Amino acid sequence: MEALGRREPELYGTITAAELDAYLIGQHPGDELDIRYTNVEGEAISWIYQADLGDHDGLVMNPAGFLHEGIALRDCLKTITMPYVEVHMTNIEKRGFRSATASVADTMVAGLGAHAYVLGLAALRTILNR
Amino acid sequence: MEALGRREPELYGTITAAELDAYLIGQHPGDELDIRYTNVEGEAISWIYQADLGDHDGLVMNPAGFLHEGIALRDCLKTITMPYVEVHMTNIEKRGFRSATASVADTMVAGLGAHAYVLGLAALRTILNR
Amino acid sequence: MEALGRREPELYGTITAAELDAYLIGQHPGDELDIRYTNVEGEAISWIYQADLGDHDGLVMNPAGFLHEGIALRDCLKTITMPYVEVHMTNIEKRGFRSATASVADTMVAGLGAHAYVLGLAALRTILNR
Amino acid sequence: MEALGRREPELYGTITAAELDAYLIGQHPGDELDIRYTNVEGEAISWIYQADLGDHDGLVMNPAGFLHEGIALRDCLKTITMPYVEVHMTNIEKRGFRSATASVADTMVAGLGAHAYVLGLAALRTILNR
Amino acid sequence: MEALGRREPELYGTITAAELDAYLIGQHPGDELDIRYTNVEGEAISWIYQADLGDHDGLVMNPAGFLHEGIALRDCLKTITMPYVEVHMTNIEKRGFRSATASVADTMVAGLGAHAYVLGLAALRTILNR
Amino acid sequence: MEALGRREPELYGTITAAELDAYLIGQHPGDELDIRYTNVEGEAISWIYQADLGDHDGLVMNPAGFLHEGIALRDCLKTITMPYVEVHMTNIEKRGFRSATASVADTMVAGLGAHAYVLGLAALRTILNR
Amino acid sequence: MEALGRREPELYGTITAAELDAYLIGQHPGDELDIRYTNVEGEAISWIYQADLGDHDGLVMNPAGFLHEGIALRDCLKTITMPYVEVHMTNIEKRGFRSATASVADTMVAGLGAHAYVLGLAALRTILNR
Amino acid sequence: MEALGRREPELYGTITAAELDAYLIGQHPGDELDIRYTNVEGEAISWIYQADLGDHDGLVMNPAGFLHEGIALRDCLKTITMPYVEVHMTNIEKRGFRSATASVADTMVAGLGAHAYVLGLAALRTILNR
Amino acid sequence: MEALGRREPELYGTITAAELDAYLIGQHPGDELDIRYTNVEGEAISWIYQADLGDHDGLVMNPAGFLHEGIALRDCLKTITMPYVEVHMTNIEKRGFRSATASVADTMVAGLGAHAYVLGLAALRTILNR
Amino acid sequence: MEALGRREPELYGTITAAELDAYLIGQHPGDELDIRYTNVEGEAISWIYQADLGDHDGLVMNPAGFLHEGIALRDCLKTITMPYVEVHMTNIEKRGFRSATASVADTMVAGLGAHAYVLGLAALRTILNR
Amino acid sequence: MEALGRREPELYGTITAAELDAYLIGQHPGDELDIRYTNVEGEAISWIYQADLGDHDGLVMNPAGFLHEGIALRDCLKTITMPYVEVHMTNIEKRGFRSATASVADTMVAGLGAHAYVLGLAALRTILNR
Amino acid sequence: MEALGRREPELYGTITAAELDAYLIGQHPGDELDIRYTNVEGEAISWIYQADLGDHDGLVMNPAGFLHEGIALRDCLKTITMPYVEVHMTNIEKRGFRSATASVADTMVAGLGAHAYVLGLAALRTILNR
């Protein structure tokens, strides 16, 4: 599983990226989490294609800054075969944003801060268990 | 806690409203769930005001058909003090819809079918535990 | 058959609601007409769901004031299985209106005053005879 | 009476234009039907002006492909004195279309396939009998 | 006279609905005030039609949450014969809102808190004295 | 107090500007009314700045023709410290207009003809008495 | 010179097309006027191309019903080398219309009824004399 | 007659304002031309109101720079009783402009450079002779 | 094969329509080319329907001036069974145009002047060989 | 050089208009500064035309309140021959504004408070030295 | 020649990227093809600038996912001196897309699957031979 | 201080990037300039975050091609603590562009060619000296 782009500053004030990584890995002892960060949309696209062609089972992603104009990212997500769960640490509707990639997600969770990743992984687990 | 308006036909094919009620109540043995249905927006508004002035701790609601034009419902939700978690049984973005009430929710979960209520209740529990 | 919401004032000047009811019933001796009025959109939705789950064969409705914003009503009409014929006593296009529910009707008749209900019932009869 | 432009392919699969002509003429033994076809909007306009200045009593027309951009046709229909009933063999709202000429019709019927012409002629007869 | 829907929370902090009712009745010793509340738009429409057909002389209404989408309410107000004065306890333009029903009012007063009802009644009295 | 720009022709048919001035002054014996007219937006802006820096207590203004595009006037009104009550002799919403300056008013009164100035002054008096 | 499409009904009430033709020809004894009518946009285009390639000196045209959607006509007018004067018998701005072909005219005259053709010919004469 | 605001630079290269004034006066020996210039919209409005209340017979005006946003000017022109002919020295449609005041003109002439004033005066003469 | 409407003036400067016809016929010795021109959209529609019902194998068309508003043409092209290749002698996107008929083409070639027809025929050949 | 319209209230709190004038004059010992203020757009236009026809070398202007709707001012600035530098004491983009006159400036400086005038004069000096 | 970004999944099902490369190279024995792939828009921009400054003769590119928002790519293509042919393996108009880069192409080919590259190279050859 | 993305071709004709670097460094003997170029938006974002977390005092940036769609860049600039001065070598308003990042700048300078960087650095120096 990949969890890309958790760059939101609200997060880094209370929990570091490393702490979040450790927390998520600890919550999922039997699963193998492949966690990645990037500010380059095309790099994210390449990673997702490789993961989908490889042996990853699903994708939990916070599109962060790509939510505004990430149409190429959306095209990529539309063509992959593994399930995609989109998470946002804030309720983006409350901030007046609309995610360009949400329309191709299987499930979306928005809000709850860093806990959104926990719910996102739970949602992915639910999808994979079906 | 209230869970209003679960009228989506995708649901009723596989699980009846009564079964969902029973399932959710079974999942939350220590909590008292107050489950209601209505097709009248003003009735939902009145229930929510009463619940907020009463001793309810939070609201999990699927706005269903009110998502299109429920501006009065949104005004109501903006003024209540208990947390509000919005759930949709489908990813509404995938269907091209935008929820009029999402902008005043604390957290939104969209997708996973009837399981969205389970995640919504988990999200509300997380908020109440803070 | 139901015929809801014939609240237009143009009508009531020349023919009362009771007279129209009597006239329509007289025109259809072998059919059972279930005629209802309401100003509450949610109430109309509940009636239509009950009629569709019950033994009604079709719906002839003048959405009247709901034509402007009746998106929840449209969602309801989209999911019922009985045919729906929409009638308007005036040509709503001439008045600059567009019906929110017309896109889910099987047939639409607009104009001719109270006679629109007669044509609407004839259209429904045609559909049921196929 | 004129009935122009019945070019819709849904029709031609089950009933030919000649058969429809014969059927409509058979349904109206006492009336004289003047049935015409054209793909040229200006030609339709010329026919309608001539019919209105001549001794035709009314117009039943399916604007077909002219519904999208037929503003010149609409200007023509706005100035004639005989009544105009617009028919569409499908519910055009369901297909996402809006008729440019509907706003100047006395009555509109949309849906029921070729049977829409029958209802359209009935509507014109109702108007002429007033 | 009716005064519907004074649900604004700014009011309830300093003056209760009951106090406002008593205050308005005290200010108008010779007039009979018929004060009503509802969250259901269709119910407001039914009340207004009944009042207009009955012996009420005018309507002072705060459309509150119906200001956003109350097109059916506007249609109702357009057809009544008694004068209608619209009041808002805040200057709705300052909050970026536009009232769907204002275009059919005889007079509009916006601002001054609960005092807006006092000015609204004064405006109605002025209209009735003409 | 200033009352600028009462140029509406509906007024001048029944009551002259001089008569209205005399009437308003007579209605407010203890107050000093400073009444001005102009067709030049920049001149109105200069007057308002001077009045606000001087010893005027408030502003009642009918923006008249400036309502359409008076953005510079709105900027001026946003920065003054005295209260501003906007009056219109007609319900501008009924005429399809929207006032560019209404969003910075403390209170707005629209309708009642020349009587709107009387209500506007009453509203200003209410604000000043708080 | 060509003068196409004078089909406006306001005209035909007071002056027939033949009378207008005779009047314009009488007003211009030394000029040869080539006057044509059509309801078919493509026919007008063909005539204009032929006139421009032939020995016509200029074009005075009332686009009439083509003003709404005559983009192909506009393309044609953009490529001809003779001057083009557009005339309308009414002030089309007052009727809320905008001419699709006006942007490629050398001069536009709108208003004055049939007299607009006289002014249009005068304008063309002015252009040709330069 | 007034002819306000001929400020266009295309003109001043070949003919000065004084020369144009002299030319127009020379062309109209029996008429009294009252020619005025201003860059202040409110000043133009005051002049037009005075001329209309005085003994002027009509108005020929080039709104020049006011064409973009002259809504207050348009309101003024809508209420005067003398005829108004709008002139533009260029075809404003060709430059992509739309005149805010054209909708209240009796006739519009656009193009021909300074000669537009000559045609505008001819149009006014035609209107006054009716 | 048909190739309609090559009316673009850029072409006629360097190669006449007859020369182009000859060139295309020479390039395709084994194929029978049916080349037609028209300025009337309805005529093009009639030709295309006849060709599709007849024994033509495909259509290469430059919609030329119909590209702006040719919605009726688009409806026609949507219902034919032979493949349709759209050609433009210029890159219409560079000129800010969008073709109304492009969305129903199998392939589009835009640019290269008269050579676009050569590529268009090559594309049609590729489609027919599949 | 002219510097018109520095009316922003943020400025007058810390530095008076007179102090700013003195400061700017002191910073440019060898230059002659012609500093003017007005709230009337037409007056600014007249001043700029006179300065451009006179012996001024350039214009530094803060359009202030004219930035919203100053289209006539923009037309004026487009026709002058001296360079124009636009200054704003705040970053107008941050406040959500867009300057109607910026598109005809040679250079724009926005931000830095009163210091923006200093940078604006430096920019003008750079342009004049080329 | 460069041919960037052939990432479309429709292609990879029937022909691999390597096979397409080999095929294109085989079709153009005398030409040197420089074929590149990237998901990063800025990388494509850098490659194109280098190719244009180097000794490449032209560019055939499928902008793929960049077609939606590739404005920076469009700016780059606008400034290069070598010809640019845009290819799409599907008719993008049929899919409701509009290419942001098409407006700066010399020629566009859309449709025919992988064969679009063959036509694109033929178009580039035609341009280079002029 | 960073100065990213000076890729505009107008510049490279008269002054190379290396010359501009040398010139700016020479103008600021006591300051340390960190000058960088990139065509990849995500790379610019990473550099800016690192500079802001490091010991850089401010940012002068020409967003160049990112001005169109650089929303992710804007999000990054909104969260940094060092001041940001945006420069453009041309007046982007004159070219019809609007900068997506300008709304989060402290100051903007647009125009003067390469000299814009000089003014931008002066503006940053002014901000840092406060």
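The letters A, B, C, D, E, F, G, H, I, J, K and L name the chains in turn, as written, and every chain counts its residues from 1.
As a working rule, a contact is a pair of C-beta atoms (placed from the backbone, for glycine too) under 8 Å apart; a residue touches a chain by one contact, two chains touch by 3 or more.
Please read all numbers here as calculations on a predicted model, not as lab measurements.
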Shared interface partners, meaning chains that touch chain E and chain K:
none
Going by the touch criterion stated earlier, list every chain that contacts chain G and also contacts chain J.
H
Under the over-half criterion for shared residue numbers, do copies chain C and chain E use the same patch or different patches to meet?
different
Equivalent of G-I within the choices E-F, G-H or C-E, defined by over half of its residue contact pairs recurring:
C-E
Taking each chain's centre as the mean of its CA atoms, how far is chain J from chain L in angstrom?
24
Using mean CA coordinates as chain centres, what's the gap between chain C and chain I in Å?
47
Between chain E and chain G, tell me the centre distance in angstrom, where each centre is the average of that chain's C-alpha atoms.
56
Interface hub residues of chain E, defined as touching at least two other chains:
40-43, 69
Chains that touch, pairwise:
A-B, A-K, A-L, B-C, B-E, C-D, C-E, D-G, D-I, E-F, F-H, F-J, G-H, G-I, H-J, I-K, J-L, K-L
Of all residues in chain C, those that touch chain D in their complex:
85, 91, 93-94, 96, 98-99, 102-112, 115-116, 119, 122-123, 126-127
For a test of understanding, state which residues of chain H touch chain F in their complex under the given definition.
40-43, 45-46, 49, 69, 71-72, 75-76, 79
Going by the contact rule set out above, which residues of chain H touch chain J in the complex?
9, 38-43, 64-66, 68-69
